[in-house]
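Let me begin by handing over the structure; questions about it come next.
Residue numbering begins at 1 within each chain, and the chains themselves are lettered A, B, C, D and E in the order written.
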Amino acid sequence: MNAPLILFYFFEAAAAIAAVALLFARSVFYGALLVIVILLALAGLYVLAFAEFVAVTQILVYAGGILVVIIFGIMLTSRLSGKPLVVEHTLPVSGGLVGLAFFGALVYAIALQTFPTSESVAKTSTTFDATQTVGIALMSDYVLPFETTGILLLMALIGAAVMASDNASKKI
Amino acid sequence: MQSFAEKLQSTATSFGGFVPELVLSAGIVIIVVAGLIARKQPVWTALLCALVFLASLLFELTYWNAYATPRGLFSNMLRSDSFSAYLRIIIDISGLLTVFMTTRDPKPLRFHAEYYALLATVILGAHLLVMSQSLAMVFLSLEMISLSSYVLAGFSFSRHGTEGSLKYFLFGSVSSAAMLYGFSFLYGLTGTLDFSAPEFARQLIEHPSPLFFVAAAFALAGFFFKIAAAPLHPWVPDVYEAAPTPVVAFFAVVPKLAGLGVLARFTLVLQAGGHAIFDWQLVLCAVAILSLTVGNFSALWQKNAKRLMGYSSVAQSGFLLVGIAAFLPQGIHYLLFYASAYAVGSFIVFLYLHYFERLGFSSLESFAGTGRVWLWPSVFLLIGFISLTGLPPTGGFTGKLFIFTSLWDAYQLSGKSIVLWLMIFGLLNTVVSLFYYLRIPFFAFVRNGKHVATTNNLTFENLLGLLLVVGILFLFFNPGLLMGWINKINFAL
Amino acid sequence: MTPLDTLQAHSSFFVICLGGALALPLLSFLLCFYVSEKYSWATSVLAPFLMMASTVCAAVVLYQAWNHPAFTWQRVWFSIADHTFTAGIHVNNASALMLFVVTGVSFLVHVYSIGYMAGDTALRRYFAMLGFFTFSMLGIVVSDNLLLIFVFWELVGFSSYMLIGHWNESPAAAEASKRAFIINRVGDAGFLIGLMLVWTHGHTFNIEALRALPLDPAWMTAASLCIFCGVVGKSAQFPLFTWLPDAMEGPTPVSALIHAATMVTAGVFLLGRAHFLFTPAALNVVAITGAITALLGAFAALSQHDIKKVLAYSTMSQLGLMVAAMGAGAPEAALLHLFTHAFFKACLFLSAGSIIHALHQAQHQSHVNFDVQDIRLLGGLRKKLPFTFIMFVVSGSALAGLPLFSGFLSKDAILAALVHWSNTGDAWHWVVLLVVALVSFVTVLYTFRLVWTIFNGEEKSTASLVVSEPPVVMRAPMAVLALASVWIWFSWNPFSFSGWIYNHIGAAKDFHGGFVSMASAAWVLLALAVAYASRGRKLDSRLLAQGFYVDLFSRKAIEQPTLQLADLTHRADKKWIDGFLHATAYAQVIVANLTGWFDRAIVDGFVDGAAGLAKSIGSFTRSFQGGKIQLYIFWAAFAIIIFIIWTLL
Amino acid sequence: MQPYLISLLIFIPLLAAFLGLFLPATSTTSFRTLALTANVLQVIVLVVMLSHFHPGGLQLVELKPWITLNMGSWGVLKASYFVGVDGLSLPLVALAVFVLLVATVSSWKITENVKGYFILLLILNGAIIGSFTALDFLLFYLFFEFMLLPMFFLIAIWGGPRREYASIKFFLYTLLGSVLILIVLIALYVSVQEPSGSAPLVHSFNLLHMADASNFIPHALLDPHHISKLGPLSFRAWAFLLLVIGFGIKLPMVPLHTWLPDAHVEAPTPISVILAALLLKIGGYGLARIAFPIFPEAAIDLGWFVGLLGVISIIYGGLNAMASKDLKRLIAYSSVSHMGFVLLGLSSLTAEGTAGAVYQMFSHGLISAMLFLLAGVLSDRTANRTIAHYSGLATKMPTYTAFVLIAFFASLGLPGFSGFIAEVMIFLGAFKSSSVGGPLHESLAIIATSGLVIGAAYYLWTMQRMFFGVFNLKGQMSPEQLPDLNRREYIMLVPLAVAVLVFGIFPQPVLSIIDPYAQHFAEFVLRSGKSITP
Amino acid sequence: MAPVHHFLYLGAFLFSTGLIVIITKRNTIMVLLGLELMLNASNLNLVAFNSLHPGSLQGQMFALFVIVVAVCEAAVGLAIVLRVYRQYRTSVPDHVNELNQ
């Protein structure tokens, strides 16, 4: 068993354990932290899957951006109670059963499956300069999604601003 | 592998077939900027937005002949063809109508620039969605529609609006996450994101597997969410009830048609000319039957006009799915016809629901006696409902006749009993649907109410309504004109 | 022979008279309705006058048609495909004679009605319907095809409905008229089936054409029995006779008309007309039915207390005799009895009417009220109403079949025919003969009883009344009819029935009647003696008084169940068929709720039942109302996973 | 002029309705005049039409292209404006014009929202004439559906106390029926091609083409030469059954009839008249025009079933009428009973039966119009139609009673009235059916005769209860409320009574129009039905 | 490198966990977290599959876009949650339930 493989299982185990913990977490704050753990573990896995650029984006944008925003949201929505927010569960049995059913069905389907590979895996090397390729792709093949994402971001921010605007709070 | 320069070159040429979308994109930015300048003049932003849609529409029409030969844009991310062009035209017109309806609201519209920009974004997303043939673009444009819609749904800024927004958001993002998950597997199974690519279909046919089915089912779930088909419909009534009426009218047409366009393409790939191992026809028929049942039967007992229209929208998705489920070339043409008739009928209804809502009528009972006072609006509303039901002499009937024709053809070809059941069931559902569609006219004309009002029939609204009504009647009496146009559409991958 | 030829064979005068005889009653019907309310008295002049003209025409027709080839005339009524439905006239000896009798009796009844109905508020309707009644009957008499006969057959029913119910303010009259029509309709339905059979197998309704067709006995039996159903209804045969006694609720002249010339005789006439259709098997049924009817009628007449009901049952009994004679294959005898009966029965009714009229007038003057038709209350009227008494005795003698009266002749003919029949056929034919003999015996008994009770003895309720004979317009018709009740008009020889009528109304068989005549005369005299001997006895049998409970039976066993059935279907309509609709409406609610499961959260408690039912009950009602977004998602996910698992498996 | 006669007949009322939109709502008389003018014009056109018509096949045909859609490989979809009259439709068109005129006169009583009322009435008028003349299935269906909404609102707005329930019930039932018809319509035109046979394939809605077995596309599901089965029956038999149910609802046929009593009881008088006299006929017309000729072999196979339903309708309707406590309801059930005769006559597949059925539709149109007008006379005066609340009306309203008497006796099939001719021919046809290869057993005709007795029973019983006996009223009515017929009512009733009588005594003029059709119908269905049997 | 299946199992696990979290947690922010889990499951798949096709970058690029979309969703979602909180004073989704009353 080589080092990448050990790392791989480490990250997998970390993500899985954190996810299980999230299921039983009763505090939103802990939940957020657990999600950060998962995201970081996934970033590690991305590196192992030769997607360094994605991994970096994952850490910067997700762990750095989204989660901060979420924690900010937690603060805002729990400011009244002052004490740590305790989350109740609704539909625990049925929700769990459905989730398990999904998991079972997916595992069953995945296990039966072999995936096509376009070229031999061995040919790839860790020195493959993903970042540059990504940059070129974004400017050529993926210019449309790239621009679309731009508009999407713009409108999402504007929309978020509209939704969150304070003077809109009327009680009807 | 192409060189970078060649890629840039092909990208540049792609912009040629992309003018309406460019106009829309530019329009979004301009509206946002204009909103910053003209904070207090909602009319100007509305006019600007209308101009953008009109420009987009005009460009679509001018390029109509160019769309006749399909071609891929942006490295086959998009596909420019007359099928999508037709849907884009309906979408643009719907956008125009929505802008108009919004301006009729007497209450000052807060965040008007943002509102119109969001409308334009949804229109742009819908444009992109109907053209997409890459899973990535599908996801992005779908998100573009969704995210803007979540905000639009909350634009009444009331508690209810917020609630609708939240429900829409939660339900929508979960469905799109599921869809994305399905996409990821599809990518893994076929090695490509371009679902029109030959290897995509080849992998489907040569290596069918349970995982493939699961993945496709997840992907379809996202589409079904977008067109409000059962079982991914529960958000619909809440959102329809909570959102401002122009927005609801918009939701009832634009995202639905956009989703329908991509669904038609996607399921055609899945079906793979009948070579697929899974019977997607069965799936579509089952979903159609379920949507019809759920939509129609739940609508029967609604008390709120908009909520009722929400369920009706679910049922209409069932009818639209019928057009796809036939899996016949002319089925797509018929579908487009029905979609057009649906769009017109739906806008007539919402135009006047909005009209009456402004007068203070929103629950069904409150409509009592309105037909006596507001005769023309009520009559137009009635005609809209008749068209949605699918009775002559409206385009709705012709559309229904057409899609069920293709279904019967499909049955003759395949002999699958589910197709026959869908046909019988769908037509019988017409009876059920009439029951609730007629409830508002029933209250309006039959019940007595105490309304004292002088009415002005010569409003622009009524002229527009008249235009739409004439249109829907024209679709019945001379369907050849539109159908001749639709028939020129070549729908293939 | 083409229709044109037959036309030429008869003079145009004949045709005009025939047309007049037929059309004048119809004209009377139309004109009477046109007379304005103010001049309604004019109808009582107009109608009898038109009837008289009609009678004269009929007399001419009779004179000219007698012993000539039958007059026929046909027009296409309507046609369908290659079949034509014709309307035509066929006048032979029998129908010409019948024509005369009907118009004549009708004329006399008209005249009588002038007096009897004077002062009635609906005089116009009365005379109009009398005219129409006569016209319908004439239609039956002269029609040349079964369909047309059926048409007039029904019209006779209609006019009798109108006339029996003339005094429709009286509930009993309304009831009686309704029952008469409906019971007739039962028979008519059978008649119609017969028509269908005839049409399907013969493709024509024309009687002469049918006569010429080669016919299959099986369907002929069926067809003739079905047609006989019509006769049973119209001629008040067992078991459809109950309407006849009830029909006495109508004005007495109408009863006279119904019993003498129209309506009930129509059946017998039809039997004679379509006699060739009847196979021996069918004839047996006819004979037995006739005998039963005759017996029932005669015995029922014995214990009636109402003058008119006695007469009604007696008519029924006489009709039974005619039908039995028909069944015995002697249509001539039956027809002869039909004619004789027409006169004496009309006379009897008019006489009864005269009594009723006179007593009513008297009652009116002295303000006393009792049922003038109840013979138990009458007695000793001979002195007060001598003319009526004579009339009654004459016509009663004819009814009883005393020698020298017409009734004796015709009854003789029937007996002779039956004797002949029972000699030639099966053994049981004797039974019919015996029954008929018994009937003629009983006839004497009840006739004697009637006359005796009314006219002899002490006056009872009438003692204090000042009774006067009816006016001359009423007496004259009675006199004419009484005159027509003696033998001389029918046969020169008072003891031989084979006179001019008998020998020419059909292919008469000459029976050796001498012995039968003697025996019959003796039998009748014996009966008279018995009647005198038992004159004081009363026969109080509820069975007989109620007409053998046939009426009760039909009410209990047919009418009530039908009404109950109607009620049942009506409730079924509301409950089951409509209920089904409502059930589907409920089903819609259920389906809506089921689909509501999807949207709402009914199952909140259900799914989490394991976690704690108690906890979720509280949220149950609330969850009913509105959507919880997580439940939405749950259900969508649930639907998808179920679908996926179902497909994967 | 001649080629446009039918169009004139259809479009005069529609045009009038359009004009009516622009008249001020306050002027009551202007709408009456408008409607009456339209009706009178229609009568004139009808007279011209009758003078141009010669007994025989299809005449006064107008055939204009309407929809032609080239659907590429699938073929061409073609619907046309195709109208014409023959022996089946002409009597019904004439009846419609006549009854609509009477109904318009009878509408004088309407005072509320006159504008809406007359416009709807005129639309209904055009749609009814259109349904009776259309020879293109799509066109027929258009008119068929077009009658629905005006009728619905006419009942629902101007009706009696339970009008909402009744109108919705009427609507749901009829719509259900029309959906069933729509299913067959779709299946049919997909399976039928125009006889030219050249490419491209032309899918036609032409009813005449559909009735020709050789026009079916080979191996289509409804192709008579390759009968495909679905369950126990062939597709064609299913289609036939769907049509029978669809039109049977309209007819109405037991057990699909329960909308009728409610609709009648609640509808205003003129609407009841139109409903009974005309709308029901469209059911029978549809069967004769569409169901039987297009699926002849199914008609032979399943004719016994249709006939049986007819007999059940006759008896069941009669029994229900007997138990009805409301005069209008009684008349409504009697309609059920009488329309059962139409089913019996049509399914006999004989010339007599068919002619009788058409004649029955014609005559029942007149008689039921009269009956409902008479019931309307009472409702107008006292708004009370409960039979038990009246007695002895004959003394108070003698003229009215006379008309009721005529109508009742006409309805119960007394000779001399038009109903008799129809019923006799139906009986003859039904009885004869089996002997010429038709589907009905003799026993059906025999059982059906009991309908005659039942009919007499309920009418005469009603007569006895309401009109005879001592004059007496119950239920808060005063004798002053009950004057005898007024002039307007008289004017409406007399022509109907005369017509019923005239067509009862001289049926030949109408029968000579019907006759060629009836012969052709019976012969055609039997022959082509037998030739199709695999 | 580990077999691609192991990535997928983890992805499936994350997806199911996310779904359970979304359904069961009575807090809107927790629901958002569950949503992020589901999106990440897809990303993991995309990246893993991309490793099977080293010549192309489709999966990775898609994953990048997904991350951006996730940002947008989070932003809009949080804005909505804030608004809900302001108007309803709760972050329990079940309590936001006034429609169809």
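The criterion applied here is as follows: a contact is a pair of C-beta atoms (placed from the backbone, for glycine too) under 8 Å apart; a residue touches a chain by one contact, two chains touch by 3 or more.
Just so we're on the same page, UniProt names per chain: A = NADH-quinone oxidoreductase subunit J; B = NADH-quinone oxidoreductase subunit N; D = NADH-quinone oxidoreductase subunit M; E = NADH-quinone oxidoreductase subunit K.
Remember, it's a predicted structure, so these values are computed and weren't measured experimentally.
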Note down the smallest number of touching-chain steps it takes to go from subunit B to subunit C.
1
Outermost chain relative to subunit D, judged by CA means, is A
Which chain's mean C-alpha position is nearest the mean C-alpha position of the whole protein set?
D
When all chain pairs are ranked by how many C-beta pairs they have in contact, which pair ranks first?
A-E
Could you pull out the chain whose C-alpha mean position is farthest off from that of subunit B?
C
Between subunit A and subunit C, what distance separates the C-alpha centroids? Give it in angstrom.
99
So what's the Cα centroid distance for subunit A and subunit D, whole Å?
70
Distance between the CA centroids of subunit B and subunit D (whole Å) is 42
Taking the mean of the CA coordinates per chain, how far is subunit C from subunit D in Å?
36
Can you tell me which residues of subunit C touch two or more of the remaining chains?
627-630, 633-634, 637, 644, 648
Residue ranges of subunit A touching at least 2 other chains are 90-92, 94-95, 98, 102, 105-106, 108-110, 115-116, 118, 142, 145, 149, 152, 156, 159-163, 168, 170-171
Could you check subunit B for residues that touch two or more other chains and list them?
136, 140, 143, 147, 150-151, 154, 159-160, 165-167, 170, 174, 178, 188, 191, 210, 213-214, 237-238
Per the touch rule above, enumerate the chain pairs that touch, sorted by label.
A-B, A-C, A-E, B-C, B-D, B-E, C-D, C-E
Complex interface listing, subunit C residues touching subunit E:
625-630, 633-634, 637
Contact set on subunit B toward subunit E in their complex:
135-136, 139-140, 143, 147, 150-151, 154, 159-160, 162-167, 169-170, 173-174, 177-178, 180-181, 183-185, 187-188, 191-193, 237-238, 241-242, 304, 307
Residues of subunit A touching subunit C in the complex:
90-95, 98, 101-102, 105, 108-109
Could you list, by residue number, the parts of subunit D that touch subunit B in their complex?
66-74, 77, 113, 141-142, 145-146, 148-149, 152-153, 156-157, 163-164, 167-168, 171-172, 175-176, 179, 182-183, 185-187, 189-190, 220-221, 230
In their shared complex, subunit C is touched by residues of subunit E numbered 19, 22-24, 31, 93-94, 96-101
